[in-house]
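One chain, chain A, links the two complexes that follow: it is found with chain B in the first and with chain C in the second.
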Partner chain A sequence: MTFPSATLLAQSALSGVFIGSLYGLLGLGLGLTWGLLHVINLAHFAFAFLAAYLCYQLASVGGMDPLLTLAIIVPLFAALGVAVQWLLARFSVSPLNSLLATFGLAAIVEAGIQWVWTADFRKLESVYAGQKFRVGELFIPVPELMTLLAALALSFGIWAAMRYTNLGRALRALAEDAPVAAAFGINAKAHALVLAGVCGALAGIAGVCLALGFTLTPSQIYAWVGVVFAAVMLGGLGSALGPLAAGILIGVSEAVTMAFASPSWAPIVSFTLLILLLLLRPERS
Partner chain B sequence: MAIGAAGAALAVVPLLHLPAFYESFLYLVFHWVVLATSWNILSGYSGYFSFGHGAFYGAGVYTTAVLAGTFDMPFLWTLPVAGVVAALLGVALGAVVFRVRSVRGELFALLTLAVTFVLATIVLNTPIDGGPGIYLSGVAVPALAPTASGTFYVLALALAVGTLAIARSIAKAPLGTGLFAIHDDEDAAEVIGVPTYRYKLVALGVSCALAGIAGGIHALFIAYVTAGSTFNITVPLTVVLMSVLGGTRHWAGPALGATAITLLLYASTAAEQAVAGKAATGAILVAAVLFMPDGILGLRWARRRRAASRPEAVADVTMVAPLAAGTVPAVVGSGTTLLSVRGLRKAFSGVQALDGVDIDVRDGEILGLLGPNGSGKSTLINVISGHYRADAGSMRFEGVEIAHWRAHRIAGAGIARTYQIPRPFAHLTVHDNVALAAMFGAAALDRRRADAAAAAWLLFTGLAHREQAYPGELNLHQTKFLELARALAAKPRLLLLDEVLSGLTPAEIDGAVDLIRRIRDQGTTIVLVEHVMRVVTELSDRIVVLDQGRVLAEGNATDVMARDDVAIAYLGVVHA
Partner chain C sequence: MSIEQRIARGMTAAVCLWLAAVSGVFAQGAQPPIRIGSTLALTGPLAATSLVHKVVGEIYVEQLNKRGGLLGRQVEWIVKDDQSKPDLARTLYEQLITADKVDLLMGPYATGAILSAMGVAQRYNKVLVHHTFGIPSMAKYDMQFPAWSLGPEPATTVPTTVLDALAASPKPPKTIAIVTSKFPSVHFMSLGAREIAKKRGLNEVLFLEWDFGNLDYGPIAARIKDAKPDFLWVGAIGLEGNQVLEALNKIDYTPQEHFYMYPAPGPMSKSPLAKNAMSMTVFEEHAPFTSAPGAAEFIALYHERAAKAGIPDTSVEVQAAASYTAWQILEAGVRGAGSLDDKAIAAYLKKNRIDTIQGKLRFDGPSNYGDDLMRVKQVQNGRWVTVYPKEYAAPGATLAVQ
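Now for the complex of A and B:
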């Protein structure tokens, strides 16, 4: 093993922060529906990829600015999130069964993506793709920086909303004890639909970030599941800031592992962190 | 029996010299029957859904591939090794995850999913595979049938027969009963005496071993193994779908689903239909979860069959005799200390629910436990029964320290309880709810005697006519009495009754008081948490009053209730 230089290590850590912010962004929507609605939405990943492919299509074929595609993607995926939640609530699906049903939904979306865009690799060549600037010895790529900023803004925005708005307080009350909250006049169904819509939109935004920074292929949908769930578990269910913090922790650990060992060992890192958490603090989650 | 006969009939197929296509197709059916049925042993019975069956199956694939391909071990010898490797992997994972108390089901599902990708990473980065895959075309396969495809057919058939026999015998054994109880309410199952942690590990081990063996056979069937084709999402997706479609609570459900889905998937194997196949699989899974969460062999079917097959009144009451007619009461206990609690403390995120409680329960008495709301009565019951673990203090039951025991051990030692809000197992009949307690509690009866005991206790509590009902169909009064029957069937030395009378009408209360007295007259010591004052004074030999997690007063009912500090604790400060 060769010891990497300080600059290389710093650059690795920085790229870990960037990828970690995407873990956090994906985990934000996932953790909110899990913690507050007791729906474990595996389709969240499939929706993010669907959004990424849509962004790719609109930007590279339609010639739109990738950021402008948000205007179409955000409302579309918010509606998709609402629709899924409506369906799950309509049949009062249990948390474990929600995992099953959304697993099936993810497979449908994956097949749909594969049918339209084939299993070939797709990469969005946008105006932002190659842009980077230099701070001291370090290079900062623009698309990744945008992901970090989006993740920070959304996490803190949702954290503030959960704390200071009536909607946020109502949602936390519902998560704690739905029947009692309902007795105090909180409309559980409507609030759940709103939150599911927000989380759908989050999947859409994460998808655009994916499209900006990554090469897309349908089977990649599941490659993100393990690490993002690790971020959610480490960060705390239903927490707004936790997934981002945990995501960045995992991202940096992965990046440093990659700098020291081979890049292909990275998937082990999040798993190890999660197992350590469970061994050391089994009551934590 | 039927499984063996069907297996024997199918075993002659290779002798018919059918085209190899049929043997290979049937091989695939058996392959999926094994994977789905083995998955169901843990996931269907106990409700812990594993998305990592591909990982355990893949562990078997690679074990055989490496041992047979690289180390020239005879193929058939690699199969048991493949099973053991997969089982060890599963048990190691389970030993960590099953320790978690909340969201353990979800966590287990996700960790098993992650394990698939972790294994793929390890396999790709080490000499196990290294990237290009392993060719196995040179490995000798013993001729168990006239043709090569026939050999795989026979192997898969034998494994399928074995797997179904194992799944069936587990479903009928205490292990299966315990797993079904875990599915409905794991904490209540543990308190009744089911060793939940061990049962889950055993089920997971068996499940993984069978998947590993199936993987080992499949490695040679496909003859070229790659990480990408082994560790992917198809295996878990397909087995979950098959089991949910067929019905996860019946041992034959997954096999039925596996046959149906395999026919569907392989009926058309053209490449462009693979995508459509994946979409169809997903769509069927969504539809099955929404419209048919119990599967084809769902509850309705199982219940009808059970009601038809069980002869009425098998109850051999004399065998257990919960109360012999004309029992003479008053030969009650020795008066020695049965349970001695010292300095018991329990806090919940800052709230000190028990703040150093000292209580003695004497053999044969009815001890009334009183106190205002939030005084720690229910917490005390929860700690004694092992539902919660004490932060500090000692609990000696019949002289043995039990404070650090798991709940199922405490139940086995002879302590049973009821829950203030009844927690019956929703998917088990009233009869099975009670029989379960007889099997796992201090009584520890075998299935046949437990059935008889259940019938007797349901007669005792007046629920005999609802024996085949599900708990959801009972009214409050009946549900409370079911809770009581379940606690009694465990044959406890000490019975903890947590507000068993709340919400009942005065007439129902009279019946219950009579019942409780008869329970004590058989020699069972009772701790009674109750708000209905009349009941407490009527029944209790002694009462203990708790306030803010401490013992405030102790003595006979009239004396204690006359004390000023007790009145203040209940009613607030007396203003002159």
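Now for the complex of A and C:
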């Protein structure tokens, strides 16, 4: 093994930060519904991809700026998140069953995407795609930078909302002890719907980021599941900042591994981190 | 009963007897269609390419029936969705043979599913013609016939052809970087390229492997940029080639000479980053390939049907050509044998060279593979053109170097 140059190492680490921020952004909504609503929503990934395809359609065919598509996608996916939560609550679906039910939903969404857009590759050629700027020897691509900024803004925004607003406090109280929270007049169902709507919107935003940086194909939905689950579990269920921090940790550790050694070793690093955490701090899962 | 009533009854009985006799004659004369069974990955990760095989199969069966079918019988193609799962393909081939009782088999897509189908075909002694099986050394069944003419040892012959093409260019490379997916049918080719490059004295400045499904190509691109190879061999399948190119572009690096093993042909040729990207082909939409009998008609039909099916890239290249070839092989086998007997079909195919749109194919080599007919193609002006060897090059096309 030869020692990589400082530029190679820094460029790789930067790449890790960018991909890690997307892990974190995808993990944010997943972790919140898992930790606070006790719903393991696998359909979150499918919704993100559905949003990515919608962004592609609106921008490529409709001629919209990809960022403006957020005006349509965010409310639409918030409504979708609310609808799914309403259905899960209506049928009192347990956490384990929510995993199965939302996996089925993900498969339906995948089939729907394939029906509309076919299984072929779709690439959004936006004005942002080729934009990059240089800082010293390093190159910073604009779509990835936008993803990082969105992930930071949303994670810190939700962290602040959870900490300093009544809604956030109520949600945390419900997650900790729902009967006691209800005794204090907190409407569990309404709060759950609000949070599910926020998480649906987060899936929509993550989808736009996916469309900006990645070529889309329906089966890609599942490529993200393992590593985003790792980020959520490392970051802590229900945490707003944890998935982003863990995502960046995983992204950077994988990227640096790729810079030093064979890229095929990279997944070993992230999953070793996860196993170590589960062994050393089992209460975190 | 009056005489009139008796006559009426007699006539009714006679008409009934006549009708019964006539319908019996028709029933004997109208033979049931020959049923050919296969699976395709109509859903799942391999669905995009499988759709190509579906369109081609439909075109071929339609053409075949217009020509009168096989052995005087119409042909019916039964295709089931294996959902891109080799284990499901195995079950469905079992079903096709035992429950649907098909007369003949056609192979699925891709290598994993073909391997599954091969096992079932072997168990029931059925001929299996298949489209694009990527690892010839694993094709052990005696009655399997490959339509993709990549020869019995592509890990040696393909890199040799690529490096021959580069050696004949105005600027032969001195250094090589080999970066490769660990996807089975790609990985062994890249290892072969490594050996051939070493034998030919090229200096290997980088060798990297990644797992199929890798999400971050940034560090891989950074290492390629750092190594600055004259020639970049990318052992990529599907979209991986585009992902490597996009990651290289993000750090402002354009590779000099660059090769991609099995790229997604449409997205690669349409990418502005893929200028002069090389790959391999057995068929492209230009002379001399288009002068093969039936090729022009097939290309025109494929353009029309592929567009109707929503396939973004409607050009006929490796997948469509190999698929068409598979049907040509099966038809030739049945006609040559003069029966649906699998052993007779296999015997005919082994003894004879078969005319296809790829050229004449033979099946008398190791694992029933014949010659490696893979040629070097390159993205020039947004489309793939064959550039090497020159007798297969598109009119006026030569290997372009940076």
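Keep this in mind: the second predicted complex is superposed on the first by the 271 of 285 C-alpha atoms of A that agree within 3 Å, B and C clash if a C-alpha of one lies under 4 Å from a C-alpha of the other, contacts with A are read in each partner's own complex, and residues count from 1 in each chain.
The rule we apply is simple: a residue touches a chain if its C-beta (ideal position, glycine included) is under 8 Å from a C-beta of that chain, and two chains touch if they have at least 3 such contacts.
Here the structure is a predicted model, which means the values were calculated and not measured.
Undergrad: In the superposed model built on chain A, check whether chain B and chain C fit or clash.
TA: Result for chain B and chain C: clash.
Undergrad: Touching A:Ala223 in the superposition: chain B (first), chain C (second), both, neither?
TA: In the superposed model, A:Ala223 contacts both chain B and chain C.
Undergrad: Between chain B (first) and chain C (second), which, if any, makes contact with A:Leu237: first, second, both or neither?
TA: first
Undergrad: So, does A:Ser264 touch the first partner chain B, the second partner chain C, both, or neither?
TA: After superposing on A, A:Ser264 lies in contact with both chain B and chain C.
Undergrad: Scan A:Thr147 for contacts with chain B and chain C and give back first, second, both or neither.
TA: Touch status of A:Thr147: no partner.
Undergrad: Quick check on the superposed pair: does A:Phe121 touch chain B, chain C, both, or neither? Answer first, second, both or neither.
TA: The answer is second: A:Phe121 touches chain C but not chain B.
Undergrad: Touching A:Thr69, do we find chain B (first), chain C (second), both, or neither?
TA: neither
Undergrad: Once the shared chain is lined up, is A:Ile108 touching chain B (first), chain C (second), both, or neither of them?
TA: first
Undergrad: Determine, under the contact definition given at the top, whether A:Ser21 touches first (chain B), second (chain C), both, or neither.
TA: neither
Undergrad: By the touch definition at the top of the document, which applies to A:Ser155: first (chain B), second (chain C), both, or neither?
TA: Neither: A:Ser155 stays clear of chain B and chain C.
Undergrad: Touching chain B in one complex and chain C in the other: list those residues of chain A.
TA: 111, 114, 219, 223, 262, 264, 267
Undergrad: State the interface residues of chain C toward chain A in the complex, per the touch definition above.
TA: 43-45, 47-48, 50-51, 84, 182, 208-211, 213-216, 218-223, 225-226, 239, 242-243, 247, 249-252, 264, 266-267, 310-312
Undergrad: Can you list the residues on chain B that touch chain A in the complex?
TA: For this pair, the touching residues of chain B are 47, 49, 51, 96-97, 99-103, 105-107, 109-111, 113-115, 117-118, 120-122, 124-125, 232-233, 237, 240-241, 244, 275-276, 278-279, 281-286, 289-291, 293.
Undergrad: Which chain A residues qualify as touching chain B in the complex?
TA: Contacts found on chain A: 34, 40, 87, 91, 93, 95-97, 99-101, 103-108, 110-112, 114-115, 219, 222-223, 225-226, 229-230, 233, 237, 262, 264-265, 267-268, 270-271, 274-275, 278-279, 282-283, 285.
Undergrad: Could you please specify the touching residues of chain A with respect to chain C in the complex?
TA: Its residues touching chain C are 4-5, 7-8, 11-12, 14-16, 18-19, 111, 114, 118-121, 123, 130, 132, 134, 139, 141, 144, 215, 217-219, 223-224, 227, 251, 254-256, 258-259, 262-264, 266-267.
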